[in-house]
Amino acid sequence: MKGYCRVCPVCDGRACAGEVPGMGGIGTGSAFMNNLSALASVRLNMKTLHTIAVPDTGIDLFGRRLSLPVLAAPIGGVSFNMGGKISEEQYIQAVLGGCAAAGTLGCVGDGVPEFIHQAGYEAIRDLGGVGIPFIKPWEDAELFAKLDKAKDAGATVVGMDIDAAGLVTLRLMGRPVSPKPPEKLREIIEKIPMKFILKGIMSPEEALIAADAGADAVVVSNHGGRVLDHTPGTAEVLSAVARAVKGKITIIADGGVRTGADVLKMLALGADAVMIGRPFSVAAIGGLQEGVVKYIEQIQSELVSAMVLTGTASAAAVERSVIYEPFREG
Amino acid sequence: MKGYCRVCPVCDGRACAGEVPGMGGIGTGSAFMNNLSALASVRLNMKTLHTIAVPDTGIDLFGRRLSLPVLAAPIGGVSFNMGGKISEEQYIQAVLGGCAAAGTLGCVGDGVPEFIHQAGYEAIRDLGGVGIPFIKPWEDAELFAKLDKAKDAGATVVGMDIDAAGLVTLRLMGRPVSPKPPEKLREIIEKIPMKFILKGIMSPEEALIAADAGADAVVVSNHGGRVLDHTPGTAEVLSAVARAVKGKITIIADGGVRTGADVLKMLALGADAVMIGRPFSVAAIGGLQEGVVKYIEQIQSELVSAMVLTGTASAAAVERSVIYEPFREG
Amino acid sequence: MKGYCRVCPVCDGRACAGEVPGMGGIGTGSAFMNNLSALASVRLNMKTLHTIAVPDTGIDLFGRRLSLPVLAAPIGGVSFNMGGKISEEQYIQAVLGGCAAAGTLGCVGDGVPEFIHQAGYEAIRDLGGVGIPFIKPWEDAELFAKLDKAKDAGATVVGMDIDAAGLVTLRLMGRPVSPKPPEKLREIIEKIPMKFILKGIMSPEEALIAADAGADAVVVSNHGGRVLDHTPGTAEVLSAVARAVKGKITIIADGGVRTGADVLKMLALGADAVMIGRPFSVAAIGGLQEGVVKYIEQIQSELVSAMVLTGTASAAAVERSVIYEPFREG
Amino acid sequence: MKGYCRVCPVCDGRACAGEVPGMGGIGTGSAFMNNLSALASVRLNMKTLHTIAVPDTGIDLFGRRLSLPVLAAPIGGVSFNMGGKISEEQYIQAVLGGCAAAGTLGCVGDGVPEFIHQAGYEAIRDLGGVGIPFIKPWEDAELFAKLDKAKDAGATVVGMDIDAAGLVTLRLMGRPVSPKPPEKLREIIEKIPMKFILKGIMSPEEALIAADAGADAVVVSNHGGRVLDHTPGTAEVLSAVARAVKGKITIIADGGVRTGADVLKMLALGADAVMIGRPFSVAAIGGLQEGVVKYIEQIQSELVSAMVLTGTASAAAVERSVIYEPFREG
């Protein structure tokens, strides 16, 4: 089992700590686990004396109406990282198809074997452009070639997981990824005719740089804890990011979201929507498109219950006050 | 064993995390576990240089004299959630009968199979009205029908577990439960000829709403952690609730109470009485009425000892100062 | 093994939680475990640039010179609580004899079977009065009868473990123990011709009462966590007790001391000497008097090392500054 | 296995707690574990919008250019403490040779069996003086004899692990080690013609004493948690030490460093370089010189990745701001 996902009762990064490659977090796994523990430390104010019996989970995102504020995060290479039971094509069709069928959006990952992005783009094309491709921060030639392919596949929104910039082994393989200074980021965004998401923001300073450079959205993410050990959990930095750029650009929160209550927490902390990663992979491996739809339905049902029990009418307008702040003795 | 109570040495929500249905807390089980950890973090000031050798554990509640400030919480469906060893009738007779025999009060739960409340009301009738029925926040027809039945059974006090409002599956089954806005709550209370307890309050704001709407008592409760994951422990919010409504209405604290020392802590934090849930179920399944009586005697003996060792003369007047506050170095 | 000591690598109250009778802490065992965790949270400032190569571990206590500031705490009934391998006589002779041979003092416990105190007083008599009997807070007849016997045995110092006042079962057996109000305490102390130690103080208020009533010493103790669950660790309250009575009466700290470094911590927090309980019982059961001597030698060797590495010249004058206080970023 | 290293996935002092002799921390192992937990509590600010794609890990130390700011700590007696698979000669040649081959420096330990330092000095001689011998704080005769031998071996830098001063058993064996008062330290340093490192500093006060006495460098170290239980983790005291002596003398941090990210943290907290201990022993036992080289390459690759992902251009100039400081809600 070592190196493959154990399908734990709660997907929290303990069993798979250090399994990169694999599905785990890098090193001690602390960055993955911090995502879970940061969310777990946020607690909810239960409220039942109000009129909200049937809340609305829908949001508008990138010009589409989504049934709930949850996207499947871009994960490539699941076909080999989860044990080889299904092909990359089957995998990404299940994720994107399941998300589309349930009224939301799935994302497509990138990586060194060419079949990862190829399978993803093909699935986007099959769905008429419904799906968001993410591309690693390659140097220009590879980057723009892939952006062109993504556009050809019909994508109207595209993302870059800039936090892959620390993969030093890619440089040794002759295909370097790298950080992008603000001016370079602006240049890239100006060349792209699609909406642009920058994934891997962990500070208000860099969220502001992304907004200034013209990004349409940032994803607050530490790459599932897979690139830099000892980063804080995303729920910890989300409030500060929201204070910096909320309303200017779209804020998506990624990292450790497992239940509808977690979705509500991220929205209360300032996100407009969330991404969920590994649990979608488990659902797709276990039940293909039907598994993905069932998983989304479960999250939505939990979100409805959490919204009722906190008196939240709409996922598009979640109050910070749903978060419990301990009462200090005077 | 999965799905059934393991009868752990300390009933703390770890082994049964996520087992709903079952006896566990919902999701990660954090709300159930928070009840225990919130109480565990409260520590006691040991005092022995005083005159309190034989303290009085009795209190007055709803016009009755109770031998100790402990009620059996309303739990329905134990006959199937605990593994089917005894019937719902045997179960609820054991709980209510044991409480009455030991000089206190038991409560009766509600739920979808009709036999749950029927067994409870029958047991209350058999005891001449000694017992408190709790009804879920159904819409009017079902709600008032059950309130009538409760009155017919001789109950002089009735409660509503408003925190069941998040059970979204009931709505799909055509029997919706829902939150109640303040005006609706007032309307319900005005129609009820019995004393009224609102169970599921987790904030001073909602405690005030309940008091203003005419409730006789609130139960600070997160429903044993079974409805909304990540709620704080009840002992954490109790002080703030007490500051808001202490003296105006009766405050009952529910959640994680396991020993006489825990009872004393809840009283010191501001409760007038406490409810204990799962341990009563274990006692009833294991020893029927005799088991329940023995459990109450044990709690009472522990409470006496804790009162002696903190210099507390009466359970009706517990000082906040029995709680240890760390000494800060100057 | 259940109910008997498991001789854990670190005696910390986890394995035996709730085992009363037995060697454990009461209830959840938290009071026992708090003793350990409170001490563990105290950390030491390592210093090596000084002249202290051969420190002095000796202190003066109750008119005697002790080789180290460590007493064996009073524990009765070890013969049955540890599994019956040796008799109460063998046990207490090993503890008192070992302490005397190593240049320090052992204490004798009290309890319901008469042989407990009888074995202890006999051992004190055999050692020419070297040993301290502790008597439970009985009502006058039994209390003064035992005090007389203790005096007859040659004891020049006697103690009362007032924290046994919560043993409500003794009252049911017709031999009540009880708290003592200040005036009663003064009356008892005035009648006693020996030096008097009050064991079971957990607050500065009660330490002041003991001092005012004429006690020669207090033992900061929660009775090894065996009488009231959820009391703080003794190391937590020790500083406040010391601020109240240091220099007025002798302060002995009991609870969770396992190593020479722990001894040094208690002295730095304000104790004049410490008591160690369960590890002496383990040493006596395992190696009789020789085991006790070896255990004391080990503690002394560890204490010497800790004194060298913190620059402490004398156990009779330990600086608060040997305790590490985190440096706050400015 | 007891007493020998278990080669745990993360070398954190849990499995081997108390194993001295052996590879563990003394007593409860808390000082060893504190090293790990102090570092783990430091978290990193991920930054990717910058120009740092190929950072420089090199530093200048003691007149040499090192490929990365990592030294192998002095550890003697590995041949017997790790289970006897290789001789002390093979061990120390692997460590020093591996470090030299990878462009950095290894250190040599001291101890009672003469073969420890003899093997080390021989290895230094074989490498033309590349390697740093550490000598225990013996009294003058033994100390200066060993310093002469170290010089004869070609060493140009020498160190003293002053924290070995608490080994009280050495005194009983007639070969006392001892603390050194400031004036004695100055006398020693003045007699030594080589550069001098004082290892075992845990406070700003003693770092200042070392600087004033003429030391070229201090190693912030608690001796891997092997001499005084309950010392803080070195990462906790490092900032305060740096505020006291940064720029005056070289600061090397030792204790719990396991990955490249840990190296970056220590540099951000104020160290000029770090020492790593046990992992080098494991690498040497497992793979001799090749194992040591591979381990250094892994650390360097991790350090490069961590520098890229925090926007750090040079290991010689790490900003404090790479450390994440939680954002406080205003």
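As written, the chain order gives the labels A, B, C and D, with residue 1 at the start of each chain.
By definition in this document, a residue touches a chain if its C-beta (ideal position, glycine included) is under 8 Å from a C-beta of that chain, and two chains touch if they have at least 3 such contacts.
Every value quoted in this text rests on a predicted model; they were computed, and no experiment measured them.
A rotation of 180 degrees, rounded to the nearest 5, superposes the Cα atoms of chain B on chain D. Distance between Cα centroids is largest for the pairing of chain B with D.
Where the sister copies chain C and chain D meet, the same residue numbers recur on both sides for under half of the interface positions.
Distance between chain centres (mean CA atoms), chain A to chain C: 57 Å.
Per-chain Cα centroids separate chain B from chain C by 40 Å.
In chain B, there is no position where the chain touches two or more neighbouring chains simultaneously.
Taken together, the touching pairs link the chains into one ring where each has two partners. Contact annotation for chain pairs lists A-B, A-D, B-C, C-D, with touch applied as defined. The residues of chain C lying in touch with chain B in their complex are 17-18, 27-28, 30, 34, 137, 162-163, 165-169, 171, 176, 178-182, 185, 200, 202-206, 209-210, 222, 227-232, 236-237, 239-240.
Residue ranges of chain A in contact with chain B, taken from their complex: 9-10, 40, 42-54, 259, 261, 265, 301-302, 304-306, 308-311, 324, 326-327, 329.
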